[in-house]
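Okay, so chain A shows up in both of these, paired with chain B first and chain C after.
Here is the complex of A and B:
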């Protein structure tokens, strides 16, 4: 399996830890995870990208497609621990300006608590 | 140096293609970011060919050739599916995609922004995408 997603709940936050590569084949499971109605019960979705080694447009597309729905429901989507080469892919499309990407968990929490 | 790989049109083969390109690029001692960008551009084209041009038909194949010519790396990706019509291509508006909740349609934009030259040629049967990237 090229992508493994682990979900952890802490209070009002869902932490998704991505492990592997998000491409046109594996991004389907991320879409299923983010489409789960349960996720709408929380106010924050933190995405730990430390072990996300690769993302293609299909992976980006999954986040793009859920962003507005989360914003409408006032759910913050925050990425952290992102590798430089993965962040670069977000930057190529200007997504780093439209999504919240921070350096680590502490920063993600402090933004989430604002 | 020249190298090639032929795979059938299933999405699972994208990983195989990326590993092949990574292995080839490793010999060129590129930065992590540049290497990832080039692998991504090839992956995007192959994903489009597998999914859109060949409808994930495992009886169809695509061939990827890579070579380094002077200071640039050149990829040639061929298939016999539906040809990509570059003249109909429009750059996506990402903010609009977010508003609409759209999943697809940003792959070619990545390829165009990463590569120095992107060409699509067809003889009516065989389609070839040519990607060029300066590496020095």
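Here is the complex of A and C:
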């Protein structure tokens, strides 16, 4: 199933909704999306993982590669609505301690407003 | 091979021999015939002069008149000339029809003009000396007779060559009979029958029809191009004139009282002339009437050739640019366009590559107009541009236009624009031909791309093969065997090579280090990082350090060389047999599955630990790595694996998962390490189904044996 990424802007936030499987080929699209210089204008990037069924190491690599850049630009990267099996992949790799993964959109918003 | 080659060369030599023998025979026959010709003609001349002399002498009873001799000599002369020409023209081969006609005209047709010139000279001379000179008239008549026979023989056999072009068996038989019948008619002359007698008239009429039938075989005319046809018309006209001159001359002379012989009596000559004349006339008329259509046929055959060239271009390894060259060239010719341009679409950006009789500025203005009308890269024919106010406004000289995109179902590779300065320039037929060209080009371009892609694929496959070889050579083939533990390993590379690896190092007599890992990414880069990781493992472990320290240093080393999107997960175990325990650290790698025989429990070591190369700051990383020490009991089982095992997919797209793996160990922990491994692998394979390995799968099963007393 090919990956579908939709982008939505709310105030100072970019919301990316991932739909499908993030494998080697679809992670290229995600990388393009995250490399967009427009994104640097916002203070938050929320990633809705509700329909993200699978993430490969290439997909993880894309998030990892942008993590430092976002931190340097003081942009918060927050994942929410993540399925258990995907969350498990993040946890095994130890990414849950580096990245902010919350249960839903409201929680993500409240963290952002801190 | 050598033998066959020799045989063919033998037969070639043999052929050559028969050829030369045949040539010799032919040359001899030709010399003989030529001599006969000259001798018989001279004898005939002498005979005619003698009879004329005796007639002139005035004796009422002709003292010297043996018509049989004259007829015999005439027949011998005719036969030898015809046979000579028969042998001679057989050497003419090939389809250079203009060459045949030129040969006929220059060597035989000229004879008529010569005979006319000769007769005129004779007349002038007679006028000049102002007296009848019968003997000289006879000489002129005889010479002209010789020229006539030469002309007829040459024309007869050259027409035979052309008539029999693309012959079938029936035509060959028909011709052979024609020759035989003509020969038979020659016998009439020999026995001095009057062919005009009513007995032979129906026969002659039949022969006439036969000749008419033969004259319909004019296939060679179709092979002439337009310019060749016009040239052949001139030559045929000149040959026709030759026929006319001869006919007129001999029929005029037939009534001449002074002459003793009259060759119009020879039925053979009449029929031969009828054939030559009719065939020439038929060829002339057919050429004339097919003249307007010949350019069409030429265009069609050229179109065919161009199609062929287009479809051959893949085999000849031509580039896209060359294919477009061919397309533009062929379509301009096929449509007789007065102006044209071609755009190659690169990244949906048109680039003009070919221009004919049109400037860039004009192209730009037309394209603007088309965009305004929303005609963009689509199939479009307009045969009346003058009616369009927008186009009229541009003030360009063209009146019809065809736009032909080179487009497969999903890819637009180029657009061809053709312009003509007449209205209705692109009729149905032309457009059909043009479309055939463009679809052939589309096919060719598509095929070229496919060929390139498969080459690329081939290279990629080669790369994978290398990566697989590297991976295989990096994983150790044998593990150390010892009395206190057994170890069983399994490793399968996926079709697309991942980056699984494992290795071990004997640190001291009682301590062994085991590492397992997975490099993100695939192919040659993954294999390269694996090799690097292996180097780091062997390099650092020489210094015998704790697993957490190893991970910190490995992270520091990898941070300097891994690209940003790559990372490595790894677990390192140092098993100490003397202490009966092991130390380990997990850097983002799969949790270790463990069976504790004392508690009879199967569980995962759920420790924290971040993958290598993710946090590139040494101090920050130090906070993300944990070390654990665990005492083992005899009979304990440790299962170490990569994500290829737990993320293996069933056809229903479910994951194998940690739970199922744990359940498997629960069922099998009492078995030997090898059997535990096989049980797990079989279960994974049952789960995924055959041929369904998408990621590398690596599995290590370590079972601790009960202590033996002697160690």
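In this text, the second predicted complex is superposed on the first by the 113 of 114 C-alpha atoms of A that agree within 3 Å, B and C clash if a C-alpha of one lies under 4 Å from a C-alpha of the other, contacts with A are read in each partner's own complex, and residues count from 1 in each chain.
We take it that contacts are C-beta pairs under 8 Å (C-beta built on N, C-alpha and C of every residue); 3 or more make two chains touch, one makes a residue touch a chain.
In this text, all values refer to a predicted model and were calculated from it rather than measured experimentally.
S.K.: Could you tell me if A:9 is touching chain B, chain C, both of them or neither one (first, second, both, neither)?
M.R.: Touch status of A:9: no partner.
S.K.: Does chain C touch more residues of chain A than chain B does, or is it the other way round?
M.R.: Chain A has more residues touched by B than by the other partner.
S.K.: With the two structures laid over each other on chain A, which partner does A:84 touch: chain B (first), chain C (second), both, or neither?
M.R.: The answer is first: A:84 touches chain B but not chain C.
S.K.: By the touch definition at the top of the document, which applies to A:24: first (chain B), second (chain C), both, or neither?
M.R.: A:24: touches chain B and chain C.
S.K.: Touching chain B in one complex and chain C in the other: list those residues of chain A.
M.R.: 24, 31, 57-58, 60-62, 64-65, 67-68, 85, 92-95, 98
S.K.: Provide the residue numbers of chain A that touch chain C in the complex, in ascending order.
M.R.: My answer: residues 24, 31, 57-58, 60-62, 64-65, 67-68, 85, 92-95, 97-98.
S.K.: Chain A touches which residues of chain C in the complex?
M.R.: 518, 520-522, 564-567, 569, 587-591, 608-611, 614-616, 624, 643, 655, 657
S.K.: Chain A touches which residues of chain B in the complex?
M.R.: For chain B paired with chain A, touching residues are 11-12, 14-15, 18, 32-33, 35-37, 39-40, 43-44, 47, 50-51, 94-95, 97-107, 109-110, 113-114.
S.K.: Can you name the residues of chain A that touch chain B in the complex?
M.R.: Within the complex, chain A touches chain B at residues 2, 21, 23-25, 31, 54, 56-58, 60-62, 64-69, 84-86, 88-89, 92-95, 98.
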